[in-house]
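Okay, handing you the structure first.
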Amino acid sequence: MQAPRNQWYCAAFGRELKEAPLGRVLLNEPVVMYRTADGTPVALEDRCCHRRAPLSRGKVEGSNLRCGYHGLLYAPTGAAIWAPGQDRLPPGARVRSYPIVEKHGWIWIWMGDPARADPKTAPAYDKYDDPDWAAYDELIPVKANYMLMVDNLLDLSHLPFLHASTIGSPEDTNPELNWERGPNWLKGVRIARGLSPSARNLLEGLDFRFDRTQIMLFEPPAHVTIDILTNEYGKAYGDPTSRLNRRIVIYDFITPETDRTCHYFWAIARDYAIDDPKQTELGLRATSAAFHEDSQMLEAEQRIIDTDPSSPQIDLVGDTGGLQARRIVERLLADEGVTTAAAQ
Amino acid sequence: MQAPRNQWYCAAFGRELKEAPLGRVLLNEPVVMYRTADGTPVALEDRCCHRRAPLSRGKVEGSNLRCGYHGLLYAPTGAAIWAPGQDRLPPGARVRSYPIVEKHGWIWIWMGDPARADPKTAPAYDKYDDPDWAAYDELIPVKANYMLMVDNLLDLSHLPFLHASTIGSPEDTNPELNWERGPNWLKGVRIARGLSPSARNLLEGLDFRFDRTQIMLFEPPAHVTIDILTNEYGKAYGDPTSRLNRRIVIYDFITPETDRTCHYFWAIARDYAIDDPKQTELGLRATSAAFHEDSQMLEAEQRIIDTDPSSPQIDLVGDTGGLQARRIVERLLADEGVTTAAAQ
Amino acid sequence: MQAPRNQWYCAAFGRELKEAPLGRVLLNEPVVMYRTADGTPVALEDRCCHRRAPLSRGKVEGSNLRCGYHGLLYAPTGAAIWAPGQDRLPPGARVRSYPIVEKHGWIWIWMGDPARADPKTAPAYDKYDDPDWAAYDELIPVKANYMLMVDNLLDLSHLPFLHASTIGSPEDTNPELNWERGPNWLKGVRIARGLSPSARNLLEGLDFRFDRTQIMLFEPPAHVTIDILTNEYGKAYGDPTSRLNRRIVIYDFITPETDRTCHYFWAIARDYAIDDPKQTELGLRATSAAFHEDSQMLEAEQRIIDTDPSSPQIDLVGDTGGLQARRIVERLLADEGVTTAAAQ
């Protein structure tokens, strides 16, 4: 599926932008990001206007970025302000500059018409850098179209199968599931009761049955937040007699790299044991293992699709979320003049 | 060259089908094979009807195969019999099932119209599992069109050159060679006398001159059997005064994977020293080395062809077998409505 | 940019042609080179006329080359003179033979119309094997169109940036630069004064300021010679009171492999310390490091160009040489009936 351009996409974790410029292909375009001396993030076309060398092989000088080939110097606006051997720069000596915003620890980029980019509309996913929460994160490169990952995240019926040996519980095959759709969002509530501990739970020492509520929120272009409440089986969430009252928020932001590859930025924030580095270490390792089960399956799925893109597929009850999300994205694409085949 | 579909192709050695499902691309289609609880082989489309994940990443449950992504369960017929979240499965909840037969230790698959698949017509190459013979085998993946391997096996004039340092004898350049053609087979008898021992012969302790008769049998789509009789130079095969009376049968079954890659299944059965594991070990190692000389040359040949597919080639006397085999396959393709360029 | 065919291209260093045949793709054609028993170089099509195996997998026998697959034997003319199983060879039993010349240690090949190849017109770059000079060399394979390397070599304004940590001096941003163009050549003189020593200079023990004259000579199809004179800052070259009077000649011969890859043959000859192997060793190591900075940048440039070949670029003063060279090559291509987009 194609990707609408007039949207804020996750371009990086804020922690990724350091002294060296960072090159990344986003929506098929090479982009270079860096921070100016005062820390402000900048995003430029990663292609020198002179001989098309990638600027990400250059270096930052104060607020500017110098090409590593012949030394052209670019201001954050994308205008070249120095070139070798001449005092006056020719017309066209500039690269594209992309609107970019840092908010709550995330770097957001606007790949469409800059005139339509309002930084105030950049997403505010606020648990990631909230001092009352602890978070860990990872960027997983995935060789699959970005919507395959959206499908994955909105159809959690895969948990007991794909993640049987990591985060899935075998009883999790018959949850309550309800969807609600707004003009520009989609929300699903999935409740499962009496689950037995997963392999990961056992690693954490959680060895009794529990109830779990997963609240999935999809927002275009490809942002899925999953808010998860877990409590001891049969107790209410928050009940002090429950041996377990946990809330975590999973952020899943997927940005197309090419038509068949994407950047999967995920983070998990928790509101308990926030000062316990062991929880962070265990969580990062165990979650990464599970989410790589996803990326590997999606890559296999993409390879199979590519052997015959016209092969049919059926939809199940669990696909409600993914199909609705595709409808929302199709409408955004239509607004930009892109026609899509139904349910592609 | 394309491949006719209404044929039995070798899909695997029987020994390859164990508990885990086995995924393999055959004639450009992803196929998954497994054994049911009672050992019966099953072949299905390796693409879940739901979201097109490869079923080979799933697991066998009794007679059925479960998808490793969302858990759909497939019967050996290809019909889905369970899916998450719903009791009734939608129409189209099935994958293709391929006729498959196990015979004499080989797994045969029918990639064409199932109504035309008669298991009785599956090949019966019977020395491979004959208790009076000893056999070893190997699957070599080859990045070349399958007919390049057929050409190779039907033109043994390459022995003294390509295999100069393994199984070739330098004198083997002027054999008697006669071809006979039936409606659906091709047979060549190649007799060479007074050959000096090859490097491999010397490894075996065979250090005197010998005579050798090679009886090549081609049967479509791409099966070559080479029955080889060897005896001391000047004696008759079977003469008890001959220091050597050996017969081996080489099975070479080639199955297209894609248009430019194939699966080369080979096995060698011998009727002597059948209880000697050292003979098996030496034979496997030495033959594998020689047959990899073939696969590497064919891959080089394919790469050169790809630089300019229209570059001309000439035919020599030794090409009689390969050219006749292509005629047979072309006729089968024509029966299926596929037109081929002459001698492609 | 395409490559004119009726030109002498560098095919190899003479030292590369030994007993074994050498296969190399030149201008998209597979070529095999070898030396006859008397040392004469031969270049043939690297594709047997029989089954299109690469002859570079064969072996040299006296003056001839034998195919490693079925043993066809080729004379230096390209005519097959032996084939298995038959006394008379069919018409067409030959491969293409390319005019080839060894001159001053270089192997030159003519990929166009053999009737137009005059060995006397093969380039005579004579310092490489001159006993009064010492030389070292390297072949760098580059995944970029050959003209990107020509551009690189004719625009040395990249020295202080791309080579900042190897052979560049930071002051080298404002040289005198003058170009002169002949009917079939292009010459640039670039003079920089008062340069501080580069990282490499410091390795050599050269720790004072110097003046440097670089005389660049471009000759089609893609040969760049850079004659470099260096002397102590403020003295004349050759002045016996100068602590430094050095001349080196850099030969850069670039031969297209495919449209997006090339062979970069470089050599450096020096007229000082010619018997000092340490100078050779240091020079080879330090230059190779610097020239790999070039090849890596060009490969990055090519990848960026490939993401959008229509993306614009601007020209600077330093591009005079590269642009003029492209004009010369475009004229040669036009002579061969090839039309090129301006400045592509």
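By letter and in written order, the chains are A, B and C; residue numbering begins at 1 in each of them.
The criterion applied here is as follows: a contact is a pair of C-beta atoms (placed from the backbone, for glycine too) under 8 Å apart; a residue touches a chain by one contact, two chains touch by 3 or more.
The model shown is predicted, which means the values in this text are computed figures rather than measured ones.
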Starting at chain A, fewest touch steps before arriving at chain C: 1
Same vs different contact residues, chain B with chain C, by half of numbers used: different
Distance between chain centroids, defined by C-alpha means - chain B, chain C (Å): 46
Shared interface positions of chain B, touching two or more other chains: none
Of chain A, residues touching chain B in the complex: 148, 151, 155, 157-158, 160-162, 173-174, 177, 297, 300-301, 303-305, 307-308, 311-318
Footprint of chain B on chain C - complex, ascending: 25, 28-30, 46-47, 49-54, 57, 66-71, 83-86, 90, 92-93
